[in-house]
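In what follows, subunit A forms one complex with subunit B and a second complex with subunit C.
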Partner chain A sequence: MEFVFLIFLPIVAALFIPLLFNRMKRIHTGWFVLAVPLILFLYYVTYIPTTMKGGHAISELRWIPSMGISFVSYIDGLSLLFSLLITGIGSLVVLYSIFYLDKNKEKLGNFYVYLLLFMSAMLGVVQSDNVISLYLFWELTSISSFLLIGYWYTRDRSRFGALKSMMITVFGGLMMLGGFVLLGIMGDTYSIRELIASAPSFVGHDYFTLALVLLLLGAFTKSAQFPFYIWLPDAMEAPTPVSAYLHSATMVKAGLYLVARFTPIFAFSEVWVWLVTGIGLLTLFWGSFFAVKQTDLKAILAFSTVSQLGLIMSLLGAGAITFHSDDAVFKFAMFAAIFHLINHATFKGSLFMIAGIVDHETGTRDIRKLGGLMSIMPVSFTVAFIGSMSMAGLPPFNGFLSKEMFLQSMLAIRQFELFQFDTWSILFPVIAWIASVFTFVYSFYFVFRTFAGKRKEGRLPQEPHEAPVGMLISPVILGVLVVGIFFIPNLVAKWLIKPAVAAIQPNLYSQPADIDIHVAAWHGFDSPELWLTVGVIVIGALLYATLSKWQKVYGLQPAKFSLNALYDGLMSFSEKGMNRISRFYMTGLIRTYMIYIFTFLSIAVLVVLFTQDAFVVDMNSFSHIGVYSAINAVILILAVGFVLLSKTRLAAIISLGAAGYSVALFFVIFKAPDLALTQLVIETVSVALFLLAFKHLPALKDHGETVKTKMTNGIVALGVGITVTLIALSAHSQKLIPSIAQFYKDTVKTEAGGGNIVNVILVDYRGFDTLFEIAVLSIAGIGVLGMIKLRLARKGNSNENK
Partner chain B sequence: MELLMAILIGILFTAAVYLILSRSLLKIILGTGLLSHGAHLLILTMGGLGGSSPPVLDKGASNFADPLPQALILTAIVISFGVTAFMLVLAYRTYGEHKTDNMNLMRGNDEHD
Partner chain C sequence: MRTNDVILQTTTKVVFFIIFLFAIHIFFAGHYTPGGGFVGGLLTTGALVLLLLAFDLKTVQRALPFNFVIVIGIGLLLALGTAAGSIFFNVPFFTHAFDDFTLPLFGETSLHTAMLFDAGVYLVVVGSAMTIIQSIGGDA
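Up next, the complex of A and B:
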């Protein structure tokens, strides 16, 4: 079966959603949607045996074969893991949204179309083997995310958040496209598998580091890494199912997927190891530190997501070290990354759903108004407790296992000696440990400020009560998974993690069974990770207990110096700056624009003329000056002078006529009888026209031109004049090829049967010119007629500008 | 001769550009008129001013002037006439509608900013 088509199944289903929404008013549209991710999930489960053996499955749909672009669905351990996450959590989120969104009040047709669009896009991202189609799906996730964040489009904050996330992720997406194109140039293929195969030859290539940085920009913007995380907290304006799905479990992990997928290509570079590990760790610390500051439940979770994504990112970076060192201590990192990725998807999804439930049942997400909900919402509390404790990294929840492995990996980095790691590596476990403490604090902050303590009577908009059963199903399932994974980690490792790790580290393992990592909850008293965890708990508990005393620290950071202020400043600066620039040079006056054009023209031509040594004057090529032409030249110059100096329009028109007749005389002197004739007639008619319109024409005035503007005009005009003269001289002095005139002279009689060569050229050799010149004259005539006869002017003019 | 013509053409272009940059609509049209004269003479000069007889087959004549630039100029004259006539009427109508020929007053209205 060509399973590549399954990627498009959600999009196809989305086509029918508006119909179902409009026709089947009585059934919540979500029930129809639910089938799609469920079917896909069950289908992808059937691939687990294949990937467990280290195998993979490929299905290709050719798109633009001539350019090597196709949709390739490539399922190995890594993409299968992500596909299962997408469809599995997708099903739960759809189920949750059925109870969360009201079928009468909400525009469900829109919601599910966007959601299914997103699902397709996400499946496409993780399964694509072709970088171009990967980019296509990548941008589709940005667009559908934009639509989902702006779902309640009547709210300002929603629109702002949607725009912000769009700007940042599309910026990263475009950078990533650049990286892909460079990769395509280096490897001469767009297929990721083939790129990986030829990866070692890229090292040292001119584009290698550039492609690496560009690709990481894409990954960092999508996965909300420092300093691009700022869109994620604003994206919390989306409906909660969207936050749970996109902004915790799937889309933000697309960047992680990208890093993991391209690790076999770029891990050879130290820049990669440093950037991914360093930025990841910085993000981890930053996110966990600022999560404690937030007062909105979803904002806490958003910063926590940022922080946890940083954690996974740093593990991916540490995992890349295995490409440089065979030391067994580094092997844990990649495993831990994938493990935590799964764990994070489970507990963060459930926490978001709980935040949504709290919002739904109490009417607020403000942690300052909440409290004491434990006894009223026992099920929600239990799930929130499980999720938070897992997030904090406590046993018996899955977060504990991955947090232990994380600390273990960070400790292991100290032993890495390449790339100046020996100098700085002590920072890695220290920062990781401090971040873990803050993680502990905000996890407690989140769950206990909401559910424990005293109830604040009267401060809640609604009377709180437990959520309906349907809404609780999804978070409970995720909560059970959180606990379940703690007890069967090695089964999960065998099914999902090891195949994924084997796909990321093909240099280490030829098949998943080779990975000899056994997850154990208990490492014995002598393991340093255990004591680090104990330290986290002790210090974290102390910090949480004294939270009200030191939370003031956050007030010290002035709002002006935040990254959000930087983003806002950048946006308004570019808008205002561009406005100012265009107002500066676009004056609306024709004269200004003409000056730009003429100045540019003369400068550009003169520069080229002299820098290319094209200026040559060959005195020998000139013919001698005849008496008549000299006299005629004087007449022409005088006429031109009169045109310039005349004070009345009549004098100007007559002078222009004189110039025209003098040109006609030149035509006579230079043996061009037809030209002379035409010029005489045309000049006469022109002057007649001017005189005809004379009565209606304005008097010649200079409209208060100052000496200064006249001087400017004069300089520009002189520049153009000199340019033309110099060009004419040097063009004449170096004729590179002879004229084709001889052909006309030879054949005019034999081929065309005429004697007047100019006329024969006009109507025979080059008759097309004449045809369209006639057309020009006719159009001008019709235009003149139209302008004189047609008077529509004022009608509807007032509406035009509204 | 070509040197003289090149200078003459330069003078024509200078005068034309100077007029085009002025604020009066009529002067701009005068300027375009001079500009086309300059361009026509330029084409003629570039074709070479040699040739002792007009390009018409005649007994005994053999040293013709180059016919091709002449054909090109003939076309150009007619076209520039058409354009000049059109612009003249345009100026006349503009003056009639707006009661001014000051180019400084003719800029997009504020709502277009």
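Up next, the complex of A and C:
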């Protein structure tokens, strides 16, 4: 079977969701949805043996082959890892959502349609080999994320958050598209595999750095890197299952995926190494620093996600150094990045679910009101404890292992002597270490402020109790994974991480088995990262103990200098500014718009016609003017004259009809029956339509037009007439290239099996035109309906008010 | 709009079917002789407009209980579906197929997927034109 179709399975399933939701009220719709990621997960698991051997699978669905655009599903170690995360975490999240979202109160139909849409989009992003289809899926994740954040669309904050995330991620996506197009120009292909293969040939190209920066803008906005992270905290308005799934485990990692996937192309550039590592570290520090300030459980997790994404990003940057240096010390940076990516998905997924449970069972997520829940919610506490300690990087949890590797990599960077790294790179381990301290603090802050301490009686909206079993299944599974990975890291490494790393660094490894890295929890007392961790624990514990004393520091930064204020300012400025510009030329009168259009058209065409020497009149090839044509022309001119001069509307309508019919007659004379037929029917219908609406039209009155406006109108009309005549004359006289008519005549039978060229052009040769034309027609029809219904409704309302 | 035009109404009852059948003929003939979905659709609309002129809006709506907005939707789906259907044969979007078949009653007939697409065009044209006419005409 062509497995590329599986990408679309969730979307196809989504088509049935509204049906299931409306017909089967008794069963929670989530149970049906659960099957989709579960089946996909089990299917993708069967590819593990292939990728472990360094192999890959490929399946293609051609879309626009003439432009090199197609859906290509390419499964190697990296995309398989992501596909497993998407479907695996997806299954757990759907299971969790079944208990989290009430089937009677919530619009589950919408929710699961969006979620399935997202699933398809995300699978498409990580499996696409074609950059154009990757971009398509990429924006689809932005759109589904927008819909999910705005799921409770009656809340202002939800709509604000949805718009903000969309604005920022779609901006990045568009930049990324530019990068893709430049890559396509340089490599002469849109296929990522082929681009990687031909990368050495265009490394020094003029566009190379520009493409790199554009691509990184896409990755950074998606993965909430500094300074684009501001959308992620606002995205927390989405239902918690969405936050756990999109905004921590999968979608935000699309940027990391992109960076990893394009590493073999761009890692040759020092700009790449600097930007990815630098921005990653900055984000890591910034996010961890601000997480401690938050009071909302989900906001803490949002900032911690920002910071962890920065951590992985900086590791990806450090891993790119292997393209410049043979030092073995950098080799495990990429390994650590992938390892931490998996670990982060497990512990952060479980923590988000716990935050949701706390919200669900107590009615609040405000950490100032919470406390002492340990004895009431023991299972939730255990999972939260495991997740937080892993996040803080403590043993025996998986976060400890990848954190150690992270510190090790950052220490190793100092040894790299290229691109002036030797001067600045001393900062890297320092920033990494400080960020780790704050990570430790916010992890403790999250779990102990919520679960330990004294209960604050009477401050909770609801009497708290442990969550139902169903809601706990998913976080517990993730918690077990957190502990499990700590004890068997090398099995995970062999199955998932090494194939992924081999896919990112094809220059280093031909087989996943070549990667000689053995994860160990204990490196001995002489390893510097151990002492760094000890330092983190000591200083972190001190800072946590004195939290209330130094938390005031955050108040020092005035709100109007924050990035959020910048975003708000930009938004309101663009709204006001654009309004002013559009009010300048949008008068609301169709006459004005017609004048713009016609003036522009005549000037543009006439200038081109005469500056490019395109105007030619060849009197010899004119056809003979027959008696019928002459008479018909006179009728046409007279009819148009009557339209202009008539004092009543009825006379104008009738003369307009006469003009139309005489044009149709021209078509008959020149043997264009198709056009004649269409013209005749159109004239008939439009005259009938005029008559139908006749009695509702206001009386024809003089609009008080001055001589000046009449003159302007006259000049514009005359200009258009002259332009069209000149075009017609030179189009007839100037035959630089043979007419396409012959091609149609030759191929209409053989290619399209038709006899009537006009119709075959409409439905076959230029089917796209027709498709969009009928789409426009539909929009016009529905638009008229909407406008008139709306006006009627408003009239009805105002009557009621009287 | 109450009308009591016996001659127009009686003629319309006959003429409507003639125009309608002609429209259908033109639609099917389109691939080989003048016609096609667009003109066919317009002619059908013309026939319907004649009905509207002879009788009032309510009577016509009772006789032809279609929601023309849904007709638009069906038409668009049909057109898009025909174009997208080629995906399942792994050929580019909008690749048409045609062949000659021997059908009962009709004999040797050539069938095109282009005709399905054209049917979509036909439905959209009728649907949009009638939506516009009904909403403008009904605004009283």
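Keep this in mind: the second predicted complex is superposed on the first by the 579 of 802 C-alpha atoms of A that agree within 3 Å, B and C clash if a C-alpha of one lies under 4 Å from a C-alpha of the other, contacts with A are read in each partner's own complex, and residues count from 1 in each chain.
By our rule, a contact is a pair of C-beta atoms (placed from the backbone, for glycine too) under 8 Å apart; a residue touches a chain by one contact, two chains touch by 3 or more.
Note that the structure is a prediction, hence the values are computed from the model and not measured.
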item	value
Contacts of A:Ala752 with subunit B and subunit C, given as first, second, both or neither	second
Subunit B versus subunit C as contact partner of A:Thr209, first or second or both or neither	neither
Touching partner for A:Ala780 - first (subunit B), second (subunit C), both, neither	both
Partner chain in contact with A:Thr189 - subunit B first, subunit C second, else both or neither	neither
Which partner reaches more residues of subunit A (counting touched residues only), subunit B or subunit C	B
First, second, both or neither for A:Gln511, with subunit B first and subunit C second	neither
Contacts of A:Arg62 with subunit B and subunit C, given as first, second, both or neither	second
Which of subunit B and subunit C A:Pro673 touches, first, second, both or neither	both
Subunit B versus subunit C as contact partner of A:Ala688, first or second or both or neither	second
Which superposed partner A:Asp764 touches (first subunit B, second subunit C, both, neither)	second
Overlapping contact positions on subunit A, where the subunit C interface meets the subunit B interface	673-674, 678, 682, 685, 689, 693, 696, 755-756, 758, 762, 770, 777, 780-781, 784, 788
Touching residues on subunit A, where the partner in the complex is subunit B	583, 587-591, 594-595, 598, 619, 621-626, 629-630, 633, 636-637, 640-641, 643-644, 649, 652-653, 656, 659-660, 663, 666-667, 670-675, 678-679, 682, 685-686, 689-690, 693, 696-698, 700-705, 712-714, 716-718, 720-722, 724-725, 728-729, 731-732, 739-741, 744-745, 748-749, 755-758, 761-762, 766, 769-770, 773, 776-777, 779-781, 783-784, 787-788, 793, 801
Residue numbers on subunit B that touch subunit A, as the complex places them	1-27, 30, 33-34, 37-38, 40-42, 44-58, 64-68, 70-75, 77-79, 81-86, 88-93, 95-97, 100-104, 106-109, 111, 113
Residue ranges of subunit A touching subunit C (in the complex, touch as defined)	61-66, 673-674, 677-678, 681-682, 684-685, 688-689, 691-693, 696, 752-756, 758-760, 762-764, 767-768, 770-771, 774-775, 777-778, 780-782, 784-785, 788-789, 791-792
Complex contact set, residues of subunit C against subunit A	26, 30-39, 42-43, 45-46, 49-50, 52-53, 68-69, 72, 75-76, 79-80, 83, 87, 90-94, 96, 98-99, 110, 112, 114-115, 117-118, 120-121, 124-125, 127-129, 131-133, 135-137, 139-140
